[in-house]
């Protein structure tokens, strides 16, 4: 197998014209589209309907070509849209296509391998607690096992849309009175998803995990997770990117852990792992090797960065999520020379407090 | 003479504690404080009262020490506060002190020289038109002449707070009916101020200037201006930073023109002019040389950057001014390793469309 | 003919479940749906994609039932969605159905009559100038003539979505240099649409109209217009609500001109014209007669209301459009006892400066 | 004693010109100024510096006249400024003056009596728990006892600025690990303040109060509290408004409990208790009797109002606090005919869930 990836800028959330054209011209087949990851120009919050608009457009495009009703498309293709193209970010979508390919000519070389999976459906009271962590870990391992990896260390990005099953105001009050306040919010769902990845990949041993550490003990984290959470979603969607000796193609993925949002050292290191040269200013030829830039941002909850105060968390006009995406996107774009970057926020248990995860996918040549 | 500069982080807009302590400890004298340039954590817009709060605190601190009523302090010391510390910016103030100093030991070497001045008071109908340009140019030249420069090419930053005399709704309607719609808004005041600088320094010849080109012909610009505009202000305040062979001290200023907000090449070039080394990541030792980072940002009005669409201008929830400051501040902080950066926006006739001006002040050693 | 109207609250912009159920149950036919007017929970600005999401859902619902491709539905049914459900407003849609009906039993009595129409396509340079006014007036008259009215005074609401044909930055610059700056923005499109209505209905004589008065002379206005404007729309969509002796049904429409956003006297008067009693607090039985509340709001551009300063226009964090919709919606809801109100903003040439138009549709019984 | 009250519109947060003029003209004495309650045009959140600006201006005005250093003025005069003049609200301040007066001619009649007081300083761990409730109750009773009331039922408004002593990120983490998570936030401080009032006045019996019910059991509330909370404030400031047979003057206070933000019935009832007539539209003569309108607003946390969905809590661009203030202010202004209204938000344990408290102060004539 091999993965090909296409990074399309969009003119609006519902713009699927480049994907339509590629399918019409037979550049790849609808059946082979594995997932679409994209940034839309919403606020990234609860009232961000740009993601729904993008997914609706994709469902209506792909449904007929897959012989599926529009509302069934997401059972087969993962859509991972994140709102918020603050600053210089280009709204865009990356289409990942998984195709049959001859075995690599030089088998020692690893190339990008991808797989998707799902957890079982969760109940509201499981979210943000160990049941979510354990089931997430199981699903991640299941997907990774299908990719014929040499080692779990070859997993570089686990992109997830975490479950937040619906619950009512009355249910929430009841749980509160029972002393087990619901954690079925975005913060806890993201945190438990990330710890599930950390457990699956051996980044954190199971013995250190419990309900109490979730969104509390920030020394525990995954360096490859990128988790969002969606109110109303019953099961978590899992997408694993790794490098496998059994896969062909010209792509590789690499990752690093950002210490904070100005950590250009890690950005440089990850790019260099993929054979890119990093200079000031960036060389446009190097930037053309990139097909995907995926990162998690966080306004440091301690209110400072590198020892100096920041004001992202005390601004009641603009959410810190918008600021932190804007900051990290700007830094990534200036270092890498590419504005089609996917930064989502926040980053509970994704790297150290105030930091986040970073994964790059780039062309490194056929093996 | 010589300039010394002190860059103080603040805990809030009214925090003048470090300046108070410095004065109390006799590190410099209130009489020698030439100007205070700072960033406060407001929105940078019309309802940003953090600037007023900062200036009130400074007036009440300096007034008694200067033997002046608080409301008279600004006749003697220039306060240039800009709201908006989006992203990683540290709210801070830079205090510039002008003191007698022995003539430089090696007279060929130039060091930072600064002077302040004022235009005459403007009438509303002059704003954004040639009278503002011409009078601004006159005031800039007057200040520059006092600095014993070798050449006007040694002027690297003209910081201005531009006049916008008050006018009523009725006056505005009357002007509109007379076919000479008032331009006494921030956009035109900033634009005319910048062209005034360009004229004063020979960047644009007078023959190319007219009412018609102001905020119209974007090929005309200054590379050293940094102009804000303040409703209610009757005269423009002018602050000139240059390098002079007649001045001592350990500071120099350099500038460059940003082609766009991701222009790390120019950031590097300006830093290198001051003898700094620029690496990825930045060396903290180099960052410590900086005492001031001053830039103008602009969300490109054509709606794209480097050929890709951006969404800063079509977002009706968050002003493009906040985005562009956040972007450029993040890029400056990541390249220079310093979060105490002063970025103000917008940048009409400050560099090319979508670009801006950049000036750095750094310690280069005694001459 | 007769009009029936159904006011459905929605659970989100894409929620068309109540309309689907009504069609499935045969309460009315898709062929008879004349228009759908609704409020969605976006920001009402340029980046409000909730309207597109709502219309996409309607297109996919109605297309198959009308035998039309989704993208052709709006040639047949008018969708008028306005973003912004600030405060207590219930997101909702009003479905207007036009059906054959026996002639009214008592022919003197007038009942709600509705018709739709379109202007020709506009060029960018026509927008905000007389060509838009004249063609809009023509289209309004054409629709009104089809309703068998006794008099044009029986027209109480002209709901329009105004054209703003796309133009490029370069075209805009060219027009500017040619001394005919483009007015193809929302402000001017709305203003010219409203004056087109005023001309059609005799509220303003043609002799008083010219390019110069558009968005200048605020003494000229329509009392029945409700115009939005949509970038990218080439022709203006027109919807006329009037009372006609030739139509049956149980509905009537009435209108008034709001002097300002606190004008409860006019709200009361319009309700009383439809036979409703207005008390403090409102009687829920009276509120049940209402099927549609349509108004235009405006933060008074002079910066005051009833002689006191307001701060809606100097707030750079929140648009005045959101404030004024919130204010008028709250006042309407508290006086009428109904939170399903449709308030759109701004109101250039819709009532006097700082005021707006108001139309109510209510059940008055079969004639 | 008697209270006189003066309601001054302001041109900006620092505008104290009308108060200065009144003092200069001897209309009342600085020594008699008991408190100043005002609305400023900030966002009402953590980064609202308009309150600090207003209070700084008042300190510098009153300090010299009281023979106090500016920073000592608030030990003697209570300043209660609330940010947020959304919609039609006029930024304003109400100055309450307490002066010696002859005993009322007709002793049965009650007139407005006011007193101020303070709690002891709190530790962070006491906030939002019973120690705050009990000490607040003690302070309220102490103030009320000084007013020579016939009954505690004559207390109609307890305006408080609640303590939130500073704590560090590390302290908060430590408390969390100890199983007693800090509640030293605005929500819990306001809630405990309100329950303190409820306890003091017998609205809720002590037996029903415990740490567990605070911000949990919403059936417990005060109908006369109006509490804000201020990070950094160590003790709570208390201001009591009541009607006393021992006081003279021409003012009275009355209150009611708003069931929700559209509760015009209660607004009418409270106004009528003060002898005002409420009509649609309001009679300007009646409005002139008012000297203060004080209310607490709340976006119903259940997400609906009167059975219909609202979107105030799912909007990530604009805080529900701004919406709810805008709604209730608009309703109050339209019913009472007065835009100088003081609405603060949120309303934990101030009236039922989704409701709030309302107090009016009006001229009823000398006793």
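Some observations on this one:
Think of it as A, B, C and D in the order they're written, each chain with its own count starting at 1.
Throughout what follows, a residue touches a chain if its C-beta (ideal position, glycine included) is under 8 Å from a C-beta of that chain, and two chains touch if they have at least 3 such contacts.
As the structure is a computational prediction, the values presented were derived from the model and not from experiment.
Any chain touching chain A that also touches chain C appears here: B, D. Farthest from chain C, judged by the mean position of CA atoms in each chain, is B.
Interface repeat of A-B: among A-C, C-D or B-C, the matching pair is C-D, sharing over half of the residue-numbered contact pairs. Separation between the centroids of chain C and chain D, computed from CA atoms only, is 40 Å. One inter-chain figure worth recording: chain A and chain D are separated by 47 Å, centre to centre, where each centre is the mean of the chain's CA atoms.
Here the CA centre of chain B is 42 Å from the CA centre of chain D. Shared contact sites, meaning residues of chain C that touch two or more other chains, fall at 41, 43, 47, 311, 314-315, 317-318. Put simply, chain A touches chain B in their complex at residues 9, 11, 41, 43, 85-91, 261-265, 267-268, 278-282, 305-306, 308-312, 314-315, 317-318, 322-324, 326-328, 330-331, 333-335, 337, 339-340. Only residues 12-14, 41-42, 47, 49-50, 52-53, 56-57, 60, 70, 317-318 of chain C touch chain A when the two sit together in their complex. Contact residues on chain A toward chain D in their complex (touch as defined above): 43-48, 169, 176-177, 216, 301-303, 311, 314-317, 319.
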